[in-house]
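See the structures that follow.
After this come two complexes, each holding subunit A, first together with subunit B and then together with subunit C.
On to the complex of A and B.
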């Protein structure tokens, strides 16, 4: 087909109208659009996260209270009870790991830290309000050489091997990366 | 190889720039060992656009946009922007999905795999072996007549849609709409400043378009042509510059254990990268090269890019992506489905003499 005909002009005209309308919508439409506030997903996400943190604090407050009162066994029982209701919740695992570490039960403590981080990586984030990064860093720094030496002495001990693998996992999570 | 020929110099400069800038991006804020990772960037960007709901993986990565738009600028400047396509659209779209499946199971695209190696991560050796075997199998397939079909010149507008889509994504970065998501924690919250990331992406996009730099292409040419291949020398320049920059910036920590974003499911790392290598040879380039080709007006590569975005959403939503804890059952199944997909296509697209 040679040259431009009326159909081409019609298409070009329609396109011009659409471009102008788009320009008007983008230039001033956002302020007037009542649905925009409801669409602010980033804000919604932040609110939901903050609500989750508050919920966790409330949920596990009795455990913290028992710990402060020195009733460690009762705190562990309370954690067991909460774990039955919220089996996929990492915060309980973190608290259990901390209590066990305080009592010197290092192997089980490592297991619980690993379980917690598999469920939720926020605990190694520097900026997260849930962060336990420095505690986990101290654990890895202190225990990795100890468990590596023990595994060298007893290479057939599967429990020792499991703890060492757990420490390597924690070290890997602390190192960062994209996942 | 003539070292002073212009094209060869561009290839070497591309490799050097990729190695240095990729490591520097980590210093400027990107996650450890992920200065440049096409699959991670796609997963982050897919999350930012709402294609998955992992709140730790949502950020529209400017580098990704820079790669494509840099290629567009270079292609127009070099009068190489040509709309082409029309070859096996649906298999290419699905190939894009499975490219990301393979990368996500390994945790990283081929570029990141070598960045991980240059930072001392020895678990990547399994992935490297997988990628080389995948490329080698792909070459065997090509030699046996497997041919997905060549792109044909298309109407002028066919190749502009993916570049325009990336221009829209650039607009999203400059004027973020309310629906755009951005992680405040996790790896997607770690990012180089936007303008630096964009500048790096644009410059690498320009260089990669001019040089045709491609990780799997370098391995392919290395297997075919040995030391006579310019791409292989560009690849070596990338490895050397990345390694030296890693050493100089104290990021080199050799070992198998405790590496950032790495797992010890070595078999699945091997198979994931085998899938990537095999697919890349059959569709003509690694994930990075597909982005660059889509910026040159290649609508076939554009479909692969769309497939990669789709895959990036799926690997997060369906828990296919590998993590430091290892590869999930879904990840293993997805790799197997990917391998079946590619083998079926190798049968269907085989040109036979009779």
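On to the complex of A and C.
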């Protein structure tokens, strides 16, 4: 076997430096502050949530524009059209509930609020940009005594029972869980 | 005849009588009739309401006969005693309430307004017709005269908006035959007429089915909401029977099925109904006010 020359020593030294640097880098990555990782995750979630809010605003903007222009019927038809593409979207249910309530169609409005909250609880979250908490509180406060009295008068009517159950559900969502 | 055999004969006769009254199989139960207002045609009425009639017969222990009735003849045939229970639009209910004191039983639920509905005035998008004032001198297509959300609601909306349909509109017409409401929508869509009086429910269903798009029309106006189709009962029927009929309707759920013509059919789906609701007669006051303003039956004066 021939003796090692200076070139061999240089190559071996270079390789050793590479391995050591790699080891240091790997060790540094593993020791990363966990709070930084959590922050990144929170940021990711926040960005995703904001993107979702922006998407909803863009999607339902034509409905809002029609409502602002007083074109309530056209707004409802637009919601029907959007519901065909996004049948499980709670925001459409919320807008439907609001318009129906404005038109005096209380029972169906309650149904839509219930469906929306079953899909997405953000609508009773005070901190959410989607929040409709105060509107839902007003609805429950105004209609609960009315429907309770009507059910007492017609205890066998399942449609009335459904509306009252819906109001109780909204009330319980407003109250929050037992934490 | 000996007294013993007389007693035996008497007991046998009594036993047979008891046997006959003790159970009432189908066909021997009391018979009653339900008049159903034709929406489009008799064949459709029979198909839609047979399962519901079978369900009511089973629930109430009465053999109900389904009687399809033309809208224009309904109040007259009811007054003549041709049927005990009625299923009509809300305006025909008002007429029978006024003329024959029909009792309100339950109101049908269908579409976004549930037990209520409304009428819309539509123009083709891009026509330039955007407000009620733009309707002056235009050609308009209405639904049938006794349709609360296809004629009365829009007629009243025009009057309320300062437009007299008899003098301010160049010409108005009503399509003939079946499916008049869809004909109104398509009449406007294809440009045959400038403006149409469409039930909001039909616009909702047609948009849901993809037959039209929400952006196809300008909705010039929509009327206040009024009750939808209504079940009624003849005055003087046994209160328990009437109450049981109402209860059977409001308790109906989408899962309820009956066997009819060898098929198991969902009662509500067959009838194109979402359910039934108990309303008060005062819930029909909005419609009464419309009929009075539009000088229509049952308040028409000459």
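Keep this in mind: the second predicted complex is superposed on the first by the 138 of 179 C-alpha atoms of A that agree within 3 Å, B and C clash if a C-alpha of one lies under 4 Å from a C-alpha of the other, contacts with A are read in each partner's own complex, and residues count from 1 in each chain.
By our rule, a residue touches a chain if its C-beta (ideal position, glycine included) is under 8 Å from a C-beta of that chain, and two chains touch if they have at least 3 such contacts.
These numbers were taken from a predicted model, which means no experiment stands behind them.
Participant: With both structures lined up on subunit A, is it a clash or a fit for subunit B and subunit C?
Facilitator: Superposition check on subunit A shows subunit B and subunit C fit without a clash.
Participant: Considering only the touch criterion stated at the top, classify A:81 as touching first (subunit B), second (subunit C), both, or neither.
Facilitator: Second partner only.
Participant: With both complexes superposed on chain A, which partner does A:156 reach: first (subunit B), second (subunit C), both or neither?
Facilitator: In the superposed model, A:156 contacts subunit C only, not subunit B.
Participant: Quick one: smallest Cα-Cα gap between subunit B and subunit C in the superposed arrangement, Å?
Facilitator: It comes out at 18 Å between the closest C-alpha atoms.
Participant: Okay, in this complex, where on subunit C does subunit A touch?
Facilitator: Per the stated touch rule, the residues are 109, 112-116, 120, 200, 203-204, 207-208, 210, 213-215, 217-219, 222, 224-225, 247, 250-251, 253, 275-278.
Participant: Flag every residue of subunit A that touches subunit B in the complex, lowest number first.
Facilitator: Subunit A reaches subunit B through residues 36-37, 39-42, 45-46, 49, 118, 121-122, 125, 127-128, 168-169, 171-173, 175-179.
Participant: Sort out for me which residues of subunit B touch subunit A in the complex.
Facilitator: Going through subunit B, the ones touching subunit A are 31-34, 37, 40, 44, 50, 55-56, 107-108, 112, 178-182, 184-187, 189-190, 257-262, 321-325.
Participant: Which bits of subunit A are touching subunit C when the two form their complex?
Facilitator: 71-74, 76-78, 80-81, 84, 96, 100, 103-105, 107-108, 154, 156-160
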